[in-house]
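In the two complexes that follow, subunit A is the common piece, with subunit B as its partner first and subunit C second.
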Partner chain A sequence: MRSRDTRTAYLLLAPSLFGVAAFLVLPILVVVWLALQRWDLIGPRTFVGLDNVVAVAQDGRFARSLLVTAVFVAIVIPAQTVLGLGAALLLNRGLRGSAVFRVLYVLPWICAPLALGVVWRWILAPTDGALNALIGHRIEWLSDPVLALPSVAAVTVWTQVGYVALFFVAGLRAIPSTLLEAALLDGAGPWQTFRLITLPLLRPTLFFVLVTGVISTFQVFDSVYALTPKGGPQGVTDVVAGRIYYEAFESRAVGQAAVMAVVLFVLLVAITLVQQRWFSRRTTYDLST
Partner chain B sequence: MRLRRLAAVAAALFVLAACSPAGPDDPPAADGVTTVSVRVWDDQVAAAYEKSFAEFSRQNPDIRVQVNTTSYADYFTGLTLDVASGTADDIYWLNALYFGALADGGKLIDIGKALPDEVGGWVPAAVQQYTRGGTLWGVPALTDGRIVVYYNKAMVEAAGVDPQNLTWNPTDPAADTFLPAAKKLTRDAAGRTADQPGFDPGTVTQYGFNAGRDLQAIYYNFIGENGGRFQAPDDTFAFTEPRSEQAFSYLVDLINTHHVAPPASATNTNYDFSRDQFLQGKMALFQSGTYNLKNIDDGATFAWGIAPLVAGPAGRVSVVNSVIAAGNADSPRRDAILLVLRWLGSEQGASFVGGEGAALPAVTAAQQGYSDYWAGRGVDTRYFGAAGGTDTIPAPSGPKFGAGSTAFEPIFNDVFAGRVPVAEGLRAAQDAGNAALR
Partner chain C sequence: MTVPRILRNGAAYLLLVLGAVLTLAPFLLSLMTALKTPLQFASQQVLAPPAPPTVANFGELFGGRYDFVSPIVVTAQVVAVILIGQLLFSVFAAYAFARLRFPGRDALFWVYLATLMVPQAVTIIPLYAVFADLGLRNTFWALVLPQLFGSPYAIFLLREYFRTIPADLLDAAKLDGAGTLRTVAHVVVPISRPILATLAIITVVTHWNSFLWPLVITTGRQWQVLTVATASLQSQYNGNWTIVMAATTVAILPLLVLFLAFQRHVIRSITLTGFR
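So, the complex of A and B:
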């Protein structure tokens, strides 16, 4: 009986397991295998052992792209989280037009990042760009090495705020009103209520938003590529996913690109584990009163 | 594109690479018609090809030709992936930057062997450019002719500039008539020209010239005209030598010191910026090739003309580039491919391209149609040929030129933007380019 149940369970899981194996496990294994090959996409593949690892370790551009990505994440994640939470608090007050704003906030997230990147490139163009025309000054938003990364980060934050806000709105609505009312009766002001009641109870949402946000921001490619192709001025927007792309499909060094992809994967797993451990000690999923 | 998508592409490559793309000949479709696909990057020529292939299919009813157009910006990335996965078109255009790797990788049909009787009818420079390892790897489809200077007639007349006889010189200002002319042709919002006191480079409304990081139209020619070189005979990069560096410095100064050309921030990533400025009546001199003739004829709403290249210390030296239509060696439709390629390389097949004025065919006998078309429209095309000079600088070469340019272009961006001193930037770019060749 038990073994028949097990068989049935595996049978029912089979389609999903196939998907996981074919589109998750296999690609990971292929990337690891490619990391041990020298291949230019056109000629034959050659097994080179750890040569690609050594080459990547000696290539300063990869280290630079890791640093650029870390700075990018450090700008984007706090900004999109704070702005997303702020937007969610406003939307949750049930003011007139909240439903319309909820849709408006999410629109940039729905749109294709590449298309948004192209539109923003027009807006931020130094010559004939909409923003410069508006402010009456010629500022090189995307080609000045100092401004390029913050500008790209700002566009990314703008794209993501609605998505983040959507989850915070759901999290806020899951907080029992009785807890907030009890705080009110106990004399807590709005700030105390937010800090001592709302924020701790939002931790499951915060955990989800931070984990998915950090992963997707570490992997950002499309919008950065559209805004500042080839790594931007002096490589200041040369994010890791872009470096992997340039290495694989422009320099045609597939093996080295695969090594970079593996490093990024390991890095993301490590960061996610740290986040998980931190939140697991501080988060409650039990909101019952 | 997220990493997962990159991984999926890698997985697809793996799966496809594991399969042998070459198989037995595909049977024709149920209606007995074999379809041959042709990939190009030029809309104007694609339209001419449609007409040419309609005639081809009338003469060869069992072969249909499908033209696929991909933008140049994405062309070679997509093509490389498709070749790797065995899904490339039967025939595809190649330029000098990428053909070497595909030829060396055995991905192209040996045209020298397959169509030896046709080779004599093709432009010799194109045949030479695409001959590698003793054989020709494609049918010369287009040749760009010499680079010229398109000019806005009203602007040059107003400034009293004769665009036919301009000379530039990086070391002798007395011999440089080009820079003073470019200054006269550059205006700010207040109408002051770049040679007048009070000229505001921050509000330029009319640029004199299109200096920028443009390999074919700009810096290759300036290097050649100063007696420099870009590559050594062994295909390694050699643009740090003094004469090449002088040419780069001159161009960078045109942009950042004299402000007679658009800032590099506008042109580094938007390859059509200068052309669009010219078409919008915001640029007086636009140095480019045959590949922009149709665009200018279609888009310019003002009187314009064509002058020969601005001459340098070594005279008028142009890069002359050609494009080949290469046959996919992995395709199972080899016989049909060769029939289509033979047609493209014939006078009749190529005449549609020239006769529509879309581009200059690399089939010698079909070139007259191009001249006739433009003469009929009152456009003098002689400067694309010998009247524009006869000296040339070798076109880009080598199987890894594309990888090299990927490495040096970002550094060139900084050089042209004035963020890095020219000598220092060129040294870094050359080192990066040569490292990518290894």
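So, the complex of A and C:
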């Protein structure tokens, strides 16, 4: 009986086992191997040892892209968390029509980030864009080196706020109303209630939103590619995923791009593990709610 | 002592409406521009509604010069094939993990979970190398194969769900002489309809919007998907915003319709799964 179960199980698992091995595990090995080769996408590959590592370390653009990405994450995550929580508090007042607003707010998140990036590229265009027409000034939102990164970050926040709000709405609903009523009876004001009861009880949601947000925002590509191609003015929007793409598929320095990919992988795994440890120590998030 | 309730609710409504305007404005503005002729766009106020609205841009978009029919067909085919493969193979794997006892089960499941940490930006270069070596660059198979065999994420969600199915039901099917496949098809799948519908929507949205892998692995028009076609149109005709906004409308609208039709499902599924 046991062995029949085993046979059935492995037959059922065969397709996904192949998929996981071929398209998720094998690439990790191949990318490390590619990092030691010189390759231009077409010709033969030649083993060059650690030359690519040295080249990446000497070329300042990869370090810059890490910094750009860190700043991008540092703008997007606090902004979307605060705005998402604010939206959720408004949506949770039991007002008529709240469900409709909740649906509207999620709309950008369902659409292709690439397509929305193109839409915003028009809206933020200097001469015939909608935003400059509205405010009556010519502002170079995407080609000014100071404004480009905040502009791209703002578009990202616009895309994700509704999505973040959904989690906070779910979190707020899970708070027993008896607790809030008790606080009210004890004479606590709305701000005190929020700070002393709502916020601590939202902590699991908050951590979940922060963890998943940091990891996905760190990998941003589509919208940045559409808004500010080739790293933007003076490379100020050259995020890591974009740097890897341009290095491999425009400069055709695949080996160096592979080095960057390995670094990105190690970084993301480290971030995930650190956050998870922090997570498991402080709180548990129940996926079934 | 406190602000009257009606005032506070009024302020809340005001903020909610403001949020809705900020959310919807880009969609409406791009649609308005898509419905203008280039001449109208140049001569009228950018924010003015099209007078009169025209669908000429869409006619042109689907005509010979831009040929946006092909990317829609390619995208729909890719999404359909991935959807079938992912649901089928994820159900298989999830059933094995949830309901069968076999050596190596927990270790293997741990490996599946660990692969959730592998970011796309990392796999794109090695996958490109593998597909190039196999001579599969710029083919339909290149677009679907990496996603076809189930996703660890879907397997994880389905496994959680399958574990809640009462053992009696599965035992009854076994007593009736049903094999594993029959049990899955006639007992497990019908019970799991809600989670399967959720996963189906997640899969459609994710792969309709997919951009980086198709951008890298296809060249030319033949296997161009909608997102890549939109990006290439934008860079080729930068400044011809009326035709570009028609293209983004085509890329966005089908999903908006799908979303509005199934919004209850999607909203529940997002908070259930936190997908993406």
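Note that in this section the second predicted complex is superposed on the first by the 251 of 289 C-alpha atoms of A that agree within 3 Å, B and C clash if a C-alpha of one lies under 4 Å from a C-alpha of the other, contacts with A are read in each partner's own complex, and residues count from 1 in each chain.
Please note the rule applied: a contact is a pair of C-beta atoms (placed from the backbone, for glycine too) under 8 Å apart; a residue touches a chain by one contact, two chains touch by 3 or more.
Predicted model only: the values in this text are computed from it and were never measured.
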The answer to whether subunit B or subunit C touches more of subunit A is C
Using the superposition on chain A described above, determine whether A:264 touches subunit B (first), subunit C (second), both, or neither. both
Examine A:194 and indicate which partner it touches, taking first as subunit B and second as subunit C; both and neither are also allowed. neither
Quick check on the superposed pair: does A:221 touch subunit B, subunit C, both, or neither? Answer first, second, both or neither.
both
Going by the contact rule set out at the top, does A:138 touch subunit B (first), subunit C (second), both, or neither? first
Now for A:102: first (subunit B), second (subunit C), both, or neither, which partner does it touch?
-> second
Next on the checklist: I'd like to know which partner A:234 touches here: subunit B for first, subunit C for second, both or neither.
Outcome noted: first
- Task: Mind working out whether A:246 is in touch with subunit B, subunit C, both or neither, as first, second, both or neither?
- Result: first
Subunit A positions within both the subunit B interface and the subunit C interface are 23-24, 26-28, 30-31, 34, 41, 125, 216, 219, 221-222, 229, 241, 244-245, 248-249, 254, 258, 261, 264-265
Within their complex, subunit A touches subunit B through residues 23-24, 26-28, 30-31, 33-34, 40-43, 45, 125-127, 138, 140, 142-145, 216, 219, 221-222, 228-231, 233-235, 241, 244-246, 248-254, 258, 261, 264-265
Per the touch rule, the subunit B residues reaching subunit A in their complex are 1-4, 6-8, 10-11, 13-14, 17, 77, 80-81, 83-84, 101-102, 104-105, 107, 202, 262-266, 268-270, 273, 402-403, 406-407, 409-410, 413-414, 417, 419-420, 436
Touching subunit C in the complex, subunit A uses residues 2, 5-6, 8-10, 12-13, 15-20, 22-31, 34, 39, 41, 87, 90-91, 93, 95, 97-98, 101-108, 110-116, 118-123, 125, 128-130, 133-134, 158, 162-163, 166-167, 169-170, 189, 208, 212, 216, 219, 221-222, 225-226, 229, 240-241, 244-245, 248-249, 254, 257-258, 261-262, 264-265, 268-269, 272, 287-289
In the complex, subunit C touches subunit A at residues 2, 9, 12-13, 15-16, 19-20, 22-24, 26-27, 29-30, 33, 41-42, 45-47, 88-90, 92-93, 95-97, 100-103, 105, 108, 111-112, 115, 117-130, 132, 145-150, 152, 155, 160, 180, 205, 208-209, 211-212, 216, 226-227, 230-231, 234-235, 239, 241, 244-245, 247-248, 251-252, 255-256, 259-260, 263, 266-267, 270-274, 276
